[in-house]
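Input: structures, listed below.
Common to both upcoming complexes is chain A, partnered first by chain B, then by chain C.
Now for the complex of A and B:
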């Protein structure tokens, strides 16, 4: 785990999220074992690994979405800027406004495009009036590279957009609460290659403002968009480091096997 | 064989089975035949069901529609002040000492005079017998009219009296000369006179709005029986059920579906709710009698008690479809809302419940419709009583004795006079109309709120 590159990077970029000895149990099933990760600010971090390896589980630990699974139990420490998010004083509602999430399948609310983006700021009281809210909505839709396509039909339903547009709408919705971290759980798996390219481009742009964590099944995607890559296997974090290193010169034989297509 | 033979006449050239595609083999024939048989069963079943429905509707409507038409006798009645207000002060309190019998005599006299005035041959009928052609209820109507407006005294009013049930039955084909000859309540002579009076325009048959507005009437006066009290009672009960069952049912469903931990207790509750939906409704009646009337001390025959009992009965029938509707909301919507930092309650009220709304509303209206048609529990809490007075306006009216549509139907079918058969069928038509309106509302609401995700 003590990768020199990582430590060098820490000097140039600060740690946003630090996870130490994270264990996740689903009932008696020990799904995630001893995960230690430092996620850097303004960086795209990719989680890769075969299905069921725990990468999505770990992602959902980062904004406590696992709280909604009755059988799930999380142990260990995950800190966001030094504050343990599993502390009893932490309200997951506040946490999730700071750590936004984009899901595998585009899941816009069955409401208008405008309301989809405005929902987060509304419930968190981030804007004082309609004009400010309009501004936030426009800004987020612009950041999500969707504004030009939908500016004339903000009141039409978000579910009427194409798959790629819906996913970008979900990204706009996630960044509307001005989060510090954006979690993406296989955001492109339901999209066609063109929409995927648009979303990937968007992820790269978002990096300038957020720390982005993306779970992906596509190693090409991880290689294209991320600066850091973590490889999970059977609940263990096998290897974590610079994306280039992971893909060209992995240290662990399991990583190499996965990348070359022998396992997974 | 290289050339393709489209007719297949040359027969199979190769293949494992050695069969041509054009000649179905035995297995295929058997499969096709069984499919045909199955379809035939289905068509027969549907046809039988439709025929049964048709027969039901025809029998109800043919028996019930006459209830909406009624025979009236229109005569000028002179309100003799010397008889009806002996004190001569025009004070309704003093005038109330004159009973309906006094008014009945006035009507009988007026009708006898009218018969003579129109030059109709009354045969051997005495004036008293002519008077019997008018419903006894008309005297009460006339009395109420005069007591409400004492200035009418001494004047001659054009009065529309209900005809006696037998006369009405004669025009509707229920009473014939033969049956009248054996009937001590009427006679063929009266029927013949009624025929003549109808030709003279004194007896008329027309639409009877009173069927929907009048109160129940006693055994001998089917012509005066109406659904007014029953409709109001049913509406009051539906109001109580809606106000209680909808919020309680939705709250219980939301809690069980979204908030409650999944453990042995909630499993037990779930099983019990499912079982409660199948409990015979009369059991709820006994429960209501024991709890609301015996322990709670609420009045008998009151819509509030009926409403509470029907609420108990309707609750599981609302909870089950509501939970199903909540379950049907895709989890991705919950994830999305939680993901942007909505609280659990915000997720439910802003996203899950609106999406489940069509199911909730449909379940509620179907539950209400079932409650509207429910008879058995109401019998036990005394709503089968004969109620002649309208309940007051809510909320105090909820505690007044009242009737209900299905109970009124049941009640009328118990009566001896054949006139009540027609009334009961007419009441069934009214009940069906209410149910159709409610089910239509359910469909419209469902369409309106249905959304895709």
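Now for the complex of A and C:
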């Protein structure tokens, strides 16, 4: 018999991202306080916490999306494989090719299904010819479990797909630049349970190649897909640990209150 | 931590199953004590009452299981809520077994009532049944109060029960060696003593579950073992 504990075990102990003493201010609002966290490679890490707790803010720090918010100020150190991503020499656009992101609402470009996926590899010059690009597009659509549904209509607009298909298209687009980390901000909140299950299955497959960080309001989703869970509350990282432990025996009473649905 | 759920029905569901466990515990404690009294006083009517009462205990276990399955399916309990549901299911399974032992005691006491009595045996059995009943009560009180200290004391008490059982075993053996006509009655008495000792083990299991419920992990050190009745079993 297979040892279940080994099967669901985290397959690596390599840190992909290390964050130290991260502070985020929006104007005078101190939104994220002293966050220290190590995100493992080839692991799904879930961020949970009530609205306004800082989990999305922290996720957006990881690929410098907060740079686009004029009032936002980020302090502390965040490294991707030892390199400080806030270093002046780092080009945020190149960084975001390495750290892809999928958003809450499916947001395909108003282009064909094919072009949605081909866009990233094209602008980053990742392929040399059309044949290679075709291969990348097909590979990503297959990984996103969408290929069979769209292979006969690659030139139709991506916006014409169903919500679940659009979200999987966005995931295919996000992985087309071969990122090292995939950030997902509530990727299933606009999806029905079947599309959610497909995306969750996809996340589990992706973890063999990427480090996945997912923000979710659904604690059951965090429990289902992640190996590590971080609980944020009022801008603090309250507890970070193995998902099974967080959901059966959390150490901090605030975590317990939140995950059991009590007023914390 | 605030102890109330945002969803009040969740609290009502959890309190409901815990109340059923307490009700079940009350029935089991009474069955055990009545069965021991019936044995000592040769009261067949009381023994018969214990026999017939076991079905109510079994029905409560079924009801608790059904309710726990509902809570798991509908509320997806986590952390201490999950541990509460799991503990409730385990405690009710233990209590159901204790009920069976009490029923068995009652049945054997009806058989023994037809035989000539073994000097002092029924009194010894009752003296053993009493602290075991208290252990059960303490374990269930610890469950309601989430009291780790009380649960730990139950684990300690089990050692004394094991010693009482060993002493009884020797006593019955002596009676049997003295006069083979005592064998049938002593065998019944020995099964009774063994079953009461098993009730003590179940009380211990319940106490261990309470520690798991309160702390999230089972007690680390194995509970104290006294000398075994099996010669050379060390």
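The working rule: the second predicted complex is superposed on the first by the 250 of 264 C-alpha atoms of A that agree within 3 Å, B and C clash if a C-alpha of one lies under 4 Å from a C-alpha of the other, contacts with A are read in each partner's own complex, and residues count from 1 in each chain.
Please note the rule applied: a residue touches a chain if its C-beta (ideal position, glycine included) is under 8 Å from a C-beta of that chain, and two chains touch if they have at least 3 such contacts.
Everything numeric in this text was worked out from a predicted model, so none of it was measured.
Asker: By the touch definition at the top of the document, which applies to A:70: first (chain B), second (chain C), both, or neither?
Answerer: First partner only, chain B.
Asker: So in the superposed three-chain picture, is A:101 touching just chain B, just chain C, both, or none of them (first/second/both/neither)?
Answerer: first
Asker: Taking the superposition as given, does A:249 touch the first partner, chain B, the second, chain C, both, or neither?
Answerer: Touch partner of A:249: chain C, not chain B.
Asker: Looking at the overlay, does A:241 come into contact with chain B only (first), chain C only (second), both, or neither?
Answerer: It touches nothing on chain B or chain C.
Asker: Check whether A:123 is in contact with chain B, with chain C, with both or with neither, and answer first, second, both or neither.
Answerer: A:123 sits against chain B, while chain C stays out of touch.
Asker: If you count the residues of chain A that each partner touches, which comes out higher, chain B or chain C?
Answerer: Larger number of chain A residues touched: B.
Asker: Report for A:49: first if it touches chain B alone, second if chain C alone, otherwise both or neither.
Answerer: In the superposed model, A:49 contacts neither chain B nor chain C.
Asker: Touch check for A:187: first (chain B), second (chain C), both, or neither?
Answerer: So A:187 meets neither chain B nor chain C here.
Asker: If we overlay the two complexes on their shared chain A, which of chain B and chain C does A:262 touch? Say first, second, both or neither.
Answerer: The answer is second: A:262 touches chain C but not chain B.
Asker: Let me check the overlay on chain A: which residues of chain A are in contact with chain B and also with chain C?
Answerer: Residues common to the chain A contacts of chain C and of chain B do not exist here, since the sets are disjoint.
Asker: For chain B, which residues are in contact with chain A within the complex?
Answerer: Within the complex, chain B contacts chain A at residues 261-262, 330, 332-343, 346, 350-351, 355, 451-453.
Asker: In the complex formed with chain A, which residues of chain C make contact?
Answerer: Answer in residue numbers: 1-7, 10, 76-83, 216-217.
Asker: Can you tell me which positions in chain A touch chain C when the two form their complex?
Answerer: The touching residues are 219-220, 223, 247-250, 253-257, 259-264.
Asker: Which chain A residues qualify as touching chain B in the complex?
Answerer: Against chain B, chain A makes touches at 63, 65, 68, 70, 93-97, 100-103, 105, 107-110, 119-120, 123-124, 159, 170, 173-174, 176-177.
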